[in-house]
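Look for chain A in each of the two complexes below; its partner is chain B in the first and chain C in the second.
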Partner chain A sequence: MINDMNINLLLLVLMTIATMWTVMGRSLLKATIGLAVTSAVLTILMFRLNSPLAAVFELSVCTGLITVVFVSTISLTKPLTHKEIIERSKARHKRFGYLPFVMILAGVALYFLKIPNDFAGMADKYIAAQAAAPDPRRVIWDVRQLDLFGQIILMIAGALGVVILFVEGKDKDER
Partner chain B sequence: MVALLILIPLIGIIILNMLPRETAKRTAFWFAMAIFMAQIFIALSQHTLFSGREAVEFYLVHGTALAIDSLGVIMLLSIGIVALPSLIVGQCMLSDRNELFRFINLLIITTIGMTGIIIVRDIFTLYVFLEITAVASFVLIAFRKDINGLEGAFKYLMLSAIATVLILTSIALILISSCGTSFAAIHEALAQSGSNPLIVFAIVIFICGLLIKGGLVPFHGWLPDAYMAAPAPVSILLGGIVTKAAGIYTLIRMAASVFIFDERIRTMLMLLGTISILAGAFAALGQKNFKRMLAYSSISQIGYIVLGFGTGTALGIAGAVFHLFNHAIFKSLLFVNAAAVEKQVGTNDMQKMGGLSSRMPVTGATSVIGMLSTSGIPPFAGFWSKLIIIIALWQSAYYSYAAIAIMASVVTLAYFLYMQRTVFFGELAVGLENIKEANFGFVLTSSILAAITIGVGLFFPIIFNIFFMPVKEILVK
Partner chain C sequence: MNVEAWQGFLTFGFFVALLSVAGFYCLLVTRSLIRAIIGLELLIKAATLLVIAAGYFTGMTALTQSLVVTIIVIEVVIVVVAGGIALRVFRHNDDLDIRRLNNLKG
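And now, the complex of A and B:
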């Protein structure tokens, strides 16, 4: 009864729950943990769908590195009081309370709409090209070099964002 | 040479941030100035007129295809021309040298992102540079950290995230049938499986993602708040070029050169373009805030670009790109003037202004030029680009679209006349007796932009034939 497809579906549901928890949680730190759990479940899914390299990236970058960056950033912000947390939590639940129902409705709608989900035929050419393609690690360093430069620029932009929006704000608050 | 457009600013930023703080702050402005001037020079040097080569040049950098064609030349030129006023206005408005230094860093990163968008010929690299532009823009919008700025940035962040999801999903679906990520490989694959419903779905959501970034109706929710809340130099950059490079240029490139630019896509674009023209123009009519009115005006003018492009004819595409360039110039001019007024008067609320022309003659005069060009009054640049779009519509027998485009120009003139009368003409408002002309940076910038608007209008036949008609080459036969 529990075949591969069902396990994947269960993981997908688990990932959705973790995402909901991330969005609807009342603490930034818990949201970060929720995001890390989401990435961890996605990693398992990627392993199961025969994409070990993507899974390793997801695990190291999204579950590991990004979580560290988020926690570091949160440490630069001013914590809310308990009362504020409760108030914001209520407001957030009021604002996003409908999200789980939307997700369920969307799932049911997609099921009944019978959106094509069998890509096997279309992907033949792609899979054949993949088989003949060089090692993905070499591709990243040799072929996708511009993307790596792009990522460096993105990191600089992100770092500047943190400095401008969080560090300076904290300095002003302290003053 | 082309890769240097990305590498020099990148290495420059890293070095700039490693220098002693005081030295870095002193040199940042001139470094940015040199980069933007170099961008304008390189863009012009790549044009057939100066290089003597074919319009399309390909450069392979470690397997990644980079290219500048006639459309790329115009876009790189526009980026350089708009980034310069933004930099100068930033220098005039940001008194804190730390703030100015950080603003310059982000400005350079945004231009790197936009330059990357223009020169790459790979769908995934394109996505990376779209994200660079978006991330730098979020921070720039929220730069002042006031509630309006954070709200504007948050709206842009949320809608941009939706655009990202749509674009990434589309790329994943397209890659199912394509063997590579280069534009050429994808075009070849789509030509074979273009009628597949999944591919059609992928193309539609990709275009929707780009329309969010371009701020077209009904995807424009973020744009007025972001433009209004952003600091003045950021509004110039956003209104002048960011939405055009990230949204409209990418749309033109992908639709004409990568996707199959068939009747369905053309109809969809023309409809959305027309809705944007009307919705933007009528929404601008009721605005009391100077920058918010300019934001709605941008939505309307972007509608013209998309409508012209939607005709799919050589003239329509050339007209659309011509209007894109003109809009970058005259909207930057109007935002520079809005910044000058904000700096001198201390508000953007038009109700609190009046008769400013007597105190700010250069700002008032250049504002008239920008306003007339936007409304499509001869002989300014905006008149010719709108005329070409309307001729292209007429030649393709889209008479009703042409009529709507003409009528909307009248509405544009109406709200700009209201703006001009409320802000610059009439009697001087109470409390503004001591207002003086904005400082030299504003005056110089607005004068140069106004001169370009007049110059392009007066020398229209030469400029259009040399720079804009060759753009039709982007249409893949």
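And now, the complex of A and C:
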């Protein structure tokens, strides 16, 4: 149990480092890779926390698809020249240089913050649902059917949103 | 939830809070639209980790996994639409600087 928690702790620290690299990195492409690493570490954590179905989704969609979307967006926008990057990096360091201090401050504040342990009762009503459907697939199909409809509507809305964005652009170019 | 499980959950909660701080900081400080989307992504990742940890320590992984699948679907749609908007902004302004989005106000 202790070893398990130590490995989880190591993964959490790794994820925090990847997050800081994502936020503080100079290049957008490196930031995207940092985000993919964060996502990959989160996937390992999900596997370790008995959530294989969510982990597979996270790995294929968040680590794969979202990285591809980000890289495509970055490649379709004009990258900065080397001179511009150097010019902007000073201002960037000024703005992003405070992140480690803010994170350390937040960590210290959280450590000394006393969080009450009174959430035990809140979970009672969900235990029945869990007992009725212990398999995530059964939960999705039997308990959370409304979520499925919502997801389908959301996906259609997203696809339509992107289509509208690009159709308008095409019309404008033709004009 | 027993004391040991609660302590384990708090450990995860601590790192979730750090991840959220990084995401919020990125959103507040950045001037690039794409980096703002990355900040939003980090916040969603923090929420996902919290839900998964809650499911593990309460023994209700089936329920939380179904929730996480929903979160991931929403996340993808947000990123794709936001990426499309970023592209349109770039074509309009020739820049991804969010301070220049004032030009778009009607």
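Convention: the second predicted complex is superposed on the first by the 117 of 175 C-alpha atoms of A that agree within 3 Å, B and C clash if a C-alpha of one lies under 4 Å from a C-alpha of the other, contacts with A are read in each partner's own complex, and residues count from 1 in each chain.
Keep in mind that, in the parts below, contacts are C-beta pairs under 8 Å (C-beta built on N, C-alpha and C of every residue); 3 or more make two chains touch, one makes a residue touch a chain.
A quick note: this is a predicted structure, and the numbers were derived from the prediction, not measured.
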(message) Looking only at chain A, is it chain B or chain C that touches more of its residues?
(response) C
(message) Just to be sure I read the superposition right, which of the two partners does A:L146 touch: chain B = first, chain C = second, or both, or neither?
(response) first
(message) Looking at A:H93 after the superposition, I want to know if it touches chain B, chain C, both of them or none. Which is it: first, second, both, neither?
(response) neither
(message) I'd like to know which partner A:T32 touches here: chain B for first, chain C for second, both or neither.
(response) second
(request) Look at A:A157 in the shared chain and tell me whether it touches chain B only, chain C only, both, or neither; answer first, second, both or neither. (result) both
(request) Once the structures are superposed on A, label A:L165 by its partner contacts, choosing first (chain B), second (chain C), both or neither. (result) both
(message) I'd like to check the shared interface: which positions of chain A are touched by both chain B and chain C across the two complexes?
(response) 119, 123, 126, 129, 143-144, 147, 150-151, 154, 157-158, 161, 165, 168-169
(message) Under the definition above, what is the set of chain A residues touching chain C in their complex?
(response) 5, 8-9, 12-13, 15-16, 19-20, 22-23, 28, 31-32, 35, 38-39, 42, 45-46, 49-51, 53-54, 57-58, 61-62, 65-66, 69-70, 72-74, 76-78, 95-96, 98-99, 102-103, 106-107, 110-111, 115, 117, 119-120, 123, 126-127, 129-130, 133-136, 138-140, 143-144, 147, 150-151, 154-155, 157-158, 161-162, 165-166, 168-169
(request) Flag every residue of chain C that touches chain A in the complex, lowest number first. (result) 1, 6, 8, 10-15, 17-19, 21-23, 25-26, 29-30, 32, 34-35, 37-39, 41-42, 45, 48-49, 52-53, 55-56, 58-70, 72-81, 83-88, 90-91, 94, 96
(request) Report the residues of chain B in contact with chain A in the complex, numbered from low to high. (result) 3, 6-7, 10, 13-14, 61-64, 66, 102, 105-106, 109, 112-113, 116, 120, 122, 124-125, 128-129, 131-132, 135-136, 138-139, 142-143, 145, 175-180, 189, 193, 196-198
(message) For the complex, give me every residue of chain A touching chain B.
(response) 116, 119, 122-123, 125-126, 129, 142-147, 149-154, 156-158, 160-161, 163-165, 168-169
